[in-house]
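Okay, so chain A shows up in both of these, paired with chain B first and chain C after.
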Partner chain A sequence: MLAQARGVYQSPEDFLQEVFAHRPPPAKVIWLTGEKKQKATEILGHKPDYLRVRYWADENRSAWILEEIGKTEPITVGLVIVEGKIKRLRVLAFRESRGDEVRHDFFTRQFDDVGLKENNRLDRHIDGITGATLSVRALTKLARLALYLDSLRQPQTAAPS
Partner chain B sequence: MRKPGFSSLAALTLGSALTTAPLLASAADSDELKNEIEALKAQNKVIMERLEATAEMIESSDKGGHGHDAMAKNKRSTHHTGSGRTTVGGYGELHYTNLSGEGGASDKKEMDFHRAVLFVGHEFTDKIRFFMEWDLEHASEMELEQAFLEFDIGANTAVSTGVLLLPFGIINETHEPPTFYGVERNPIETYIIPSTWREGGAAVAGKFGKGWGYDVFLTSGMRLDAANGYLVRKGRQFGGEALANDLAGSGRIKWNGLAGLELSVSYLYQADGGQGLDPQLGKTSLISSHVSYATGGFQLRAVYASWNIDGDGPASTGADQQTGWYIEPSYKFNPKVGIFARYNTWDNQAGSSSGSAADTEKTQYNLGANYWPIPDVVLKLDLQQQDNANGENRNGFLMGVGYQF
Partner chain C sequence: MTRHKRRRVSTKSMYQWHRYIGVSAALLVILLAITGLMLNHTSELALDKSYVTSPALLHHYGIDPPRASSSFAAGPHWISQWDKQLYLDTAPLGKFSEALTGAVLLQDMLVISLNNSLLIYTRDGELIEKMGAAQGIPTGILAIGTSAENRLLLKSANGMHVADEALLDWQSVAAAAANWSQPSPLPATLNDDLARLARNGRLSVERVVLDLHSGRILGNAGVWIMDTAAILLLFLALSGSWLWLMRLIRNRHRHKKH
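After this line comes the complex of A and B, so read on.
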């Protein structure tokens, strides 16, 4: 069966059900204030037009559902992060006319086990797709943003003892 | 045993009062504190609810219904109502050219805001959208670069109609300045694939398998003529009052099923490239192919294109064959700096019947660098050296600045 070129490939709810074996934990929220907003702005290349980011986490992993515009339309991406590394990146919805190749496994698996360097850049190069420059850039930004936000929650998960 | 006297009772009572009063007061205070804490908790809950609601409202209104909350947005997009969404963008580039002519070629020293483009997209529904680009060329000529409606007719298939970009080469469809090396577009995708090449018509585009795509176009076609030496760049009609005596059919199949790789082959056929106005002009066809491969900082682009134009008219000048190719390796050291080299060769009079094909071939070498202070803004510098068969060369350097948003 062919995956459709444009549309919703998987709903965010289904993504979370899959990640957390049908028992997703309650959502938590990170508010983008102060330095967090500044860092998010640096990563996205523009001010985030949202005030907070929702995520889901258990003791092993965190899951993020983020959006960024490619050329004119938002691309919805689901990410799973374990110990500061991306374990899964999946395009959940793609609405642009061009550049949908980023939804394929051959592209998204480049993000497997990718982490952040000190300057909030990915620690591995992501090969692009001709004609899909903006879509590739959008996914790369979201990967960086999710990893950065995940790093903010680390002290919280490590705190109980 | 002596009964306790009044004074003793008084003392006892006073003592008890003194010891229990603080306890009673403390209990009262504790209850009061508990009540206050509960009230504050309730108040805090209300404030948090109002804060969430405010954030939700701000995020929704900021994005015209596409708030940050991907889950909420996802639900909204599947219940699309109202008049849809409109997006705006653009790109442009300023060039400084400093070329010296030799062998009879003139100098070219020029400052040119080559193009300033604005585009508007509007999504009527999830399946019907409109896209339009205005191009102000050389700070004076307004052109319609694209204007089309697109309809999704299946999960993998869309139909477009309007003024469309034809599916040839790399630059014709993706030409925002930060996306390519070199101040000017390469000569092959200027003189052989005459970008920006657009015509009025309709197209079907589809995807299949992993990374396969196809396009089929029916457009107004070329209008080549002797007065312009049958040059293909002069044969574009741009979709405005275009002669449609003989339509052109074209198609492309491409594959980019491997990260960083794109392979593509395109073909155009028109039964009469002169729209029936030139009896010395016949069927016209173009075949082109390109490869683009990028891995790490390295990128390689190569494009080949060749026209075959039947008829005694073009044959008499050698314009019955117009062909060219280039190869461009580049290396990006980091997200801000990249260098490239390009070998270009082309000939708009390559037809053997002219008897002078060797004299019209052009060869150009480019070497340069791009600097991206941010991904959407680029500064460019490149050197140009020509080695044209007729000895008329323009050599020198070009500088440019480009942007997209």
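After this line comes the complex of A and C, so read on.
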């Protein structure tokens, strides 16, 4: 029997509770207008289908819950960023029929301590998974988008060009 | 009759059958070839993204004009849901499996409530944000409205909830006077336009070409017709090969005699 790839592995609420030790801060938003929208479009490879992105942040870290379509269905990903580096990337929900290998730790661990270099590219290569190319691409885009958006909320940190 | 004469008679008869069957199968073969070529290039021809608009063909497929499942007025705009498709006036907003429960205009934002989520749009129909449980939206939304202070209110199975000005935080509140969004029938002209739009997006050209190719467009009879065409094609291939072989043998005999 074919293994079922679809699943909700953690709810966004539980993810935030876990990241902020059961005391998530109030949500804030970044509006994707003007240059920000253009950069997000470059990162995603298509126009984002939303105008504002919600995030949760305390003095140490920021948490993002983002979605991107793998092949036909959105993959929900939770990311935690500390000082411009990804500290945790977790697939919260996977709705495609295949390619769910990206949810496993052996793959998501590759994003630990990854930051951005020039042109909003990741500063480390992420190895792909045969048969899950589109899911890998979706997660890589979300990692780049979260790092880019995080750089916008920290004016003291030089934003990558 | 000599053996040689018998062979000539049967070859002549086979030529006639080959010709008659070739002519009668020609139309079906042309249909099979054209539809086959089209199906081989579905993506390039965008057959799966093109939709049939002919009322007669739609009726043939049993797709009759649908009715709006629900519709709400929000200022000068109308929000309606047809099957899963959501419309802002006549602009499609996307397909949502959750049911539409209301819509309000709040400052310059259009807020649409579904069973378990809220959609915030600009007045031009650009999505600002989709909010669900992760953003603190209560599940089982029954109604959406505005308070006397023009704050957004939601009524759910768990009570009433009010949003802050930026629609980021939700608090439970005691029942209060509110202007709730009420379902109301669409204006006749808009209803007709949307019925046409909703009906037109249901039958892809790819489906029709596929059914033409298999014959299913005419039901079981069409399948039998296409089966017959396939058998005739098979006969043509065999009879053509047989005739070619006979001619080859005859030519060899002639060469030997000379």
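Observations on the model:
In the analysis below, the second predicted complex is superposed on the first by the 150 of 161 C-alpha atoms of A that agree within 3 Å, B and C clash if a C-alpha of one lies under 4 Å from a C-alpha of the other, contacts with A are read in each partner's own complex, and residues count from 1 in each chain.
The rule is short, and it goes like this: a contact is a pair of C-beta atoms (placed from the backbone, for glycine too) under 8 Å apart; a residue touches a chain by one contact, two chains touch by 3 or more.
Remember, it's a predicted structure, so these values are computed and weren't measured experimentally.
If you put the two complexes together on chain A, you find that chain B and chain C bump into each other.
Counting residues of chain A touched by each partner, chain B versus chain C, the larger count belongs to B. Contacts of A:101 after superposition on the shared chain: chain B is touched, whereas chain C is not.
Of the two partner chains placed by superposition, only chain C is touched by A:26; chain B is not. By the touch criterion defined above, A:45 reaches chain B but does not reach chain C.
Within the superposed three-chain model, A:72 lies in touch with chain B and out of touch with chain C [touch as defined at top]. When the two structures are aligned on the shared chain, A:12 is found in touch with chain B and with chain C. Of the two partner chains placed by superposition, only chain B is touched by A:130; chain C is not.
By the touch criterion stated above, A:152 is placed in contact with neither chain B nor chain C. With the complexes overlaid on chain A C-alpha atoms, the stretch of chain B that clashes with chain C is 58-66, out of 4-12, 58-66, 184-192 or 364-372.
On chain A, the surface patch touched by chain B in one complex and by chain C in the other comprises residues 11-13, 49-52, 54, 65. Only residues 122, 126-130, 133-136, 166, 168-169 of chain C touch chain A when the two sit together in their complex. For chain B in complex with chain A, the touching residues are 55, 58-59, 62-63, 66-71, 73-74, 77-78, 87, 89, 121, 123, 126, 129, 131, 150, 152, 155-156, 158, 170, 173-174, 179, 206-211, 256-262, 292, 294-297, 335, 374-376. Within the complex formed with chain C, the chain A residues making contact are 11-13, 16, 26-29, 49-52, 54, 65. Those residues of chain A lying in contact with chain B across their complex are 2, 4-8, 11-13, 45, 48-54, 65-67, 71-74, 76, 92-93, 95, 97, 100-101, 104-107, 110, 121, 125-133, 137.
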